[in-house]
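Each of the two complexes below includes chain A, the first together with chain B, the second together with chain C.
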Partner chain A sequence: MPPLAATPASVRVVTLNIDGKDYSARADETIIEVCRENKIPIPSLCYLDGLSIWAGCRLCLVEMAGQSRLFAACSTQVTEGMTVSTNTERLQRYRRTIVELLFAERSHVCSVCVSNGHCELQFMAQKCGVDHVRVPYRQVRNQVDSSHEAFRLDHNRCILCTRCVRVCDEIEGAHTWDVMGRGSDCQVITDLARPWGESDTCTGCGKCVQVCPTGALVKQGTSAGEMVKDKHFLPILARRRHAQ
Partner chain B sequence: MSDPKITVATAWLDGCSGCHMSFLDMDERLVDLVQKLDIVYSPLVDTKVLPEQVDVGILEGAISSEDDLHHAKEFRKHCKLLLSLGDCAVTGNVPAMRNPFKLEAVLNRAYLETVDVQPQIPTVGVPALFRQVRPIHGVVEVDVFIPGCPPHADAIFYVLNELIEGRTPDPSRVTRFGA
Partner chain C sequence: MNIDDIDELAQKHRDKYAGIETEVRVCMATSCQSSGAPLVFEALTGAQKAQGPGTCRVKGVGCMGLCSAGPMVAVAKKDEPPELEVLYREVKPEDAADILASVGGAPVARIHFPTDAPFFTRQQRIVRENTGIIDPESFTGYVAVGGYRSMVQTLTEMTPGAVVAEVTTSGLRGRGGGGYPTGLKWSTIAKMPVGQKYVICNADEGDPGAFMDRAILESDPHRVLEGMAIAAYAIGANKGYVYLRAEYPLAVERVETAIRKAKRAGFLGNHICETQFNFDVEIRLGAGAFVCGEETALMASIEGNRGQPKPRPPYPAESGLWGYPTLINNVETFANITSIIRNGGEWYAGIGTERSKGAKVFALAGAISNIGLIEVPMGITLREIIEEIGGGIPNGKAFKAVQTGGPSGGCIPAQHLDIPVDYDSLKTLGTIMGSGGMIVMDETSDMVDVARYFMEFCMTESCGKCVPCRTGTQQMHGLLDTIAKGQGTHKDLALLEELCEVVQATSLCGLGQTAPNPVLSTLRFFRDEYEQKLIAE
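Up next, the complex of A and B:
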């Protein structure tokens, strides 16, 4: 257990049980935070330490004793006496299916992707045992926006985790990114769905590129496997923002 | 040597042969492997006819044509265990990147628009292409999936060795999409 020295007097400490072991945590923490602190692996794609909670990817779903429905670990706060299971057969099955649906939805051709070997979706597939996709691929062609001088957006590889939207709004403060459309038409946009290169609000900071888990947002001029991302700036900047 | 050898058949459908090259990349381990298995049909050996009963069938490449489909069905019929080897077989991969386009547009681009001398779409002696490229398990049931482009020789060796030892391989331990 990491030290809880920084706990403000007003925040209670609760005891909960995760996968058969007891843990204590601050009552304002979420299940995923407690799991990460205690090295309990919970898969996630939209959750990122330093950004607000989206709870969209559903990979961090956990089971809770006495409850029939599942809970997203990233958006559920711990409570006293809570009993959580993070890796049951049912959860493994659901996670596998979620990853397969992500692969089937757009065209994630890993072998020719600039993020090959550095992609969170690719590693998630391996971790969840997705060695093939059981549903038919949708086979749609999505647009690529190469209008920005430094960066490129490939909708084919976007999983709509909205990390780019959140980092741009919450850390950079530009809010260039947003989400447009519903269902299979849903996509991330810059400004009012204008080409990225024509954006008046984009500062060109590249934070969106660094937090993107896949090859959807990349640097121009990268070839297959060359796009290595660095997210280390995020928790540091996020802490400084909250300290202000 | 009293145990009969495991018979193995391989074929390469719509792929680049890279997976078969990776198979050969097992290098000196092939010498040990052939003590335990017999390659009875493959682009790597001379046999022209798929035997009636084969223990393990290995398919590289996606299903893009009538010919590919025929091969896949033959393999399923004659092989006890069928393996999809590599991303083209497992996902469709690069061959399937033509799927969002109309087949006519793809053929025109390849054989007419970008050709200076004698532009013509081949029709004689070549199998008809399907409108959509599918992974192997899109047309026949597959037992083991080995993703990778190509799967590393170590991954292929791991899977074959597990099968020889009578265990069920877990390819995700050693390979992934795009590996």
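Up next, the complex of A and C:
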């Protein structure tokens, strides 16, 4: 007896070329997912496996054959025959500039920061070869919110990646965080811009602190270089949620 | 209802005013209202009442185009083309009696504005055909001039596919700035599987100095609704939104009135004109952020979220409002549709140039004699617009440059004034058609200052989502400021140029991607002005 006719798969598998090598991927995967799976390094700051796509840091931009514009690896799905370059001289130059712009936007004095040595922005600077910043520092003093009993928010270190906003909304379900303002005046806020310690929605779970790439969200009572973060809970939790 | 029925309805409305020979039209659009048009209107209606019933009717109409010379009043024989009317500028309530007395005789010389000037004769009125002629608050006034006939024709005689084909033939390209072929956009959404679809009219109009869309909505709102309904029929949508900025209260009021009256007459809502077609329109008010004109941010705002762009693809055509296929077009794009259906796509394709069809509305502003709105065929040269239609540069000054495309565009210097105005030619000069703002600058303008002004606009309007736009515009503004103050070095200029490249290439949405354009363009044509300001390191 012949087997039952197969039901067509809902997602196709495609082949694409990244930096001269061929890879196979499911058509619903993004370029960054395929790269991570195959250990192709792509810098990123706003992307975090398990959270929705933000596409704001622009560090993951890649070049695509036949296209003059650049594509964010985190928000671009793969297609059959796609040819991607992840590390051209031009991309390296753009990434360096973007990291410089981030360093100059607020105050990042690493030596006194609790995240020194464990900071993704710092790590990105090393990876992209940023040894000095050519644009002038803005030198605006931003507030520190220490009102929460367990955590502290230092706007001076915030790069507005919105990981905290997304994890709190999408994983914890509290939606304590939001973004307020326009342009460089943007700030993350808790509830309706009230002190974090007075928040009625925050459950104190600490997820935002763990996913924050910099020293903007930290545990109270940590001193320079002490704040080590753990993001491993996230992909596991996110997959479990989706599997349900 | 079929074509004959609507023609009959139009005739009935015309018959109502059969005894009227002359119309005294008072511009009641925003600009003239702010310079005193309501008082002029009152004085004219008062004087006319005192005269007793006659063959003359005073009526409020939309923008006549010469907004800086308001309040404008026109005296016209009914059904005459606008070039033949007698036009009055800066009318005061005291002029009312003289204006009425002059009907049929010689114009009142002290306020007369000659209409044989190129400002009137060189225009080609398509979307502005009724503007300044009909009463924008009257549903029947619109029907009387052939309004909603195109809609009835599409609903009763054309298939959706035929409507898309007609728009494709016309060669119409989006008037919101990007110039994307409208027919192609419609056909993409029409081809999406049957189901919930939306139509959005982008009336956010955020370019500084632009007021084309406001004038259309204030002067002929039904025209835009009709265009939207035809689009909805063509793509299979049953719900539309007009996204209008709250700073345009008069436009909001007129569109609201138009929607209400069209619904009451059965021209919007369920079973439009007794067909199976349903289409409902709602207004959504924008809070005036420039970035909310960007389509993905606009839709986020309609959904009740923060007005911030999202990466495309997916394009709205595939996944738009609440994830459904969505057609988003500009006000002026929709305003062209009724003419295209009435006269045919071929007719429209006969106007303009090879790749830019039809006419375009521009808002002339800055150092130019005739400040106001014009509609000209594509392909006309900038020189014709500025020197003839615009009446040249006032106060004996020399022309220096004209900025098109607002903060996303660039400037064009005197040596390129003979370039035809079309999407592609403007691109070769490093600027864009944009939505229609045209700011003329004379010899006294400082181009570094111009670049700094537009950069400041982009910096404050950046939504803050992506790093290059949020921080890059701020750094570029700082560098421009340093250079403008005479404190910049060659290194600063080099850094400025590099940031232009990075921000252009890496920003998420059009705002950031085009923010460097005014700098690049002033550098291209006026580099010496930058260099003169630099100091040695």
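The criterion applied here is as follows: the second predicted complex is superposed on the first by the 236 of 244 C-alpha atoms of A that agree within 3 Å, B and C clash if a C-alpha of one lies under 4 Å from a C-alpha of the other, contacts with A are read in each partner's own complex, and residues count from 1 in each chain.
FYI, a contact is a pair of C-beta atoms (placed from the backbone, for glycine too) under 8 Å apart; a residue touches a chain by one contact, two chains touch by 3 or more.
The shown structure was predicted, so the numbers you read here are calculated from the model rather than taken from an experiment.
Asker: Given the superposition on chain A, which partner contacts more residues in chain A: chain B or chain C?
Answerer: C
Asker: Touching A:Ser184 in the superposition: chain B (first), chain C (second), both, neither?
Answerer: After superposition on chain A, A:Ser184 lies in contact with chain C alone.
Asker: Have a look at where A:Val112 lands relative to chain B and chain C in the superposition and call it first, second, both or neither.
Answerer: In the superposed model, A:Val112 contacts chain B only, not chain C.
Asker: For A:Pro136, decide between first (touching chain B), second (touching chain C), both and neither.
Answerer: In the superposition, A:Pro136 contacts both chain B and chain C.
Asker: With the two complexes superposed on chain A, say which partner A:Gln126 touches: chain B (first), chain C (second), both, or neither.
Answerer: first
Asker: Which partner does A:Val228 contact after superposing on A: first (chain B), second (chain C), both, neither?
Answerer: A:Val228 sits against neither chain B nor chain C.
Asker: Once the shared chain is lined up, is A:Val11 touching chain B (first), chain C (second), both, or neither of them?
Answerer: Touch partners of A:Val11: none, neither chain B nor chain C.
Asker: Answer with first, second, both or neither: which of chain B and chain C does A:Ile236 touch in the superposed model?
Answerer: Neither partner.
Asker: Between chain B (first) and chain C (second), which does A:Ala193 come into contact with in this model arrangement: first, second, both, or neither?
Answerer: neither
Asker: Could you pull out which residues of chain A sit against chain B in one structure and against chain C in the other?
Answerer: 134, 136
Asker: Which residues of chain C touch chain A in their complex?
Answerer: These residues of chain C touch chain A: 289, 306, 310-311, 459-468, 470-475, 478, 495, 498-499, 502, 505-508.
Asker: Can you check the complex and tell me which residues of chain A touch chain C?
Answerer: Those in contact with chain C are residues 53-58, 61, 69-70, 72, 75-76, 93-94, 97-98, 101-102, 104-105, 134-136, 138, 159-160, 178-179, 181-186.
Asker: In their complex, what parts of chain B are in touch with chain A?
Answerer: Listed in rising order, the residues of chain B that touch chain A are 84, 87, 90-94, 96-97, 99-101, 132, 135, 137-138, 142, 145-147, 149, 170-172, 176-178.
Asker: Spell out the part of chain A that touches chain B in their complex, as residue ranges.
Answerer: Per the touch definition, chain A meets chain B at residues 103, 107-113, 116-117, 119, 122-123, 125-127, 129-134, 136-137, 139-141.
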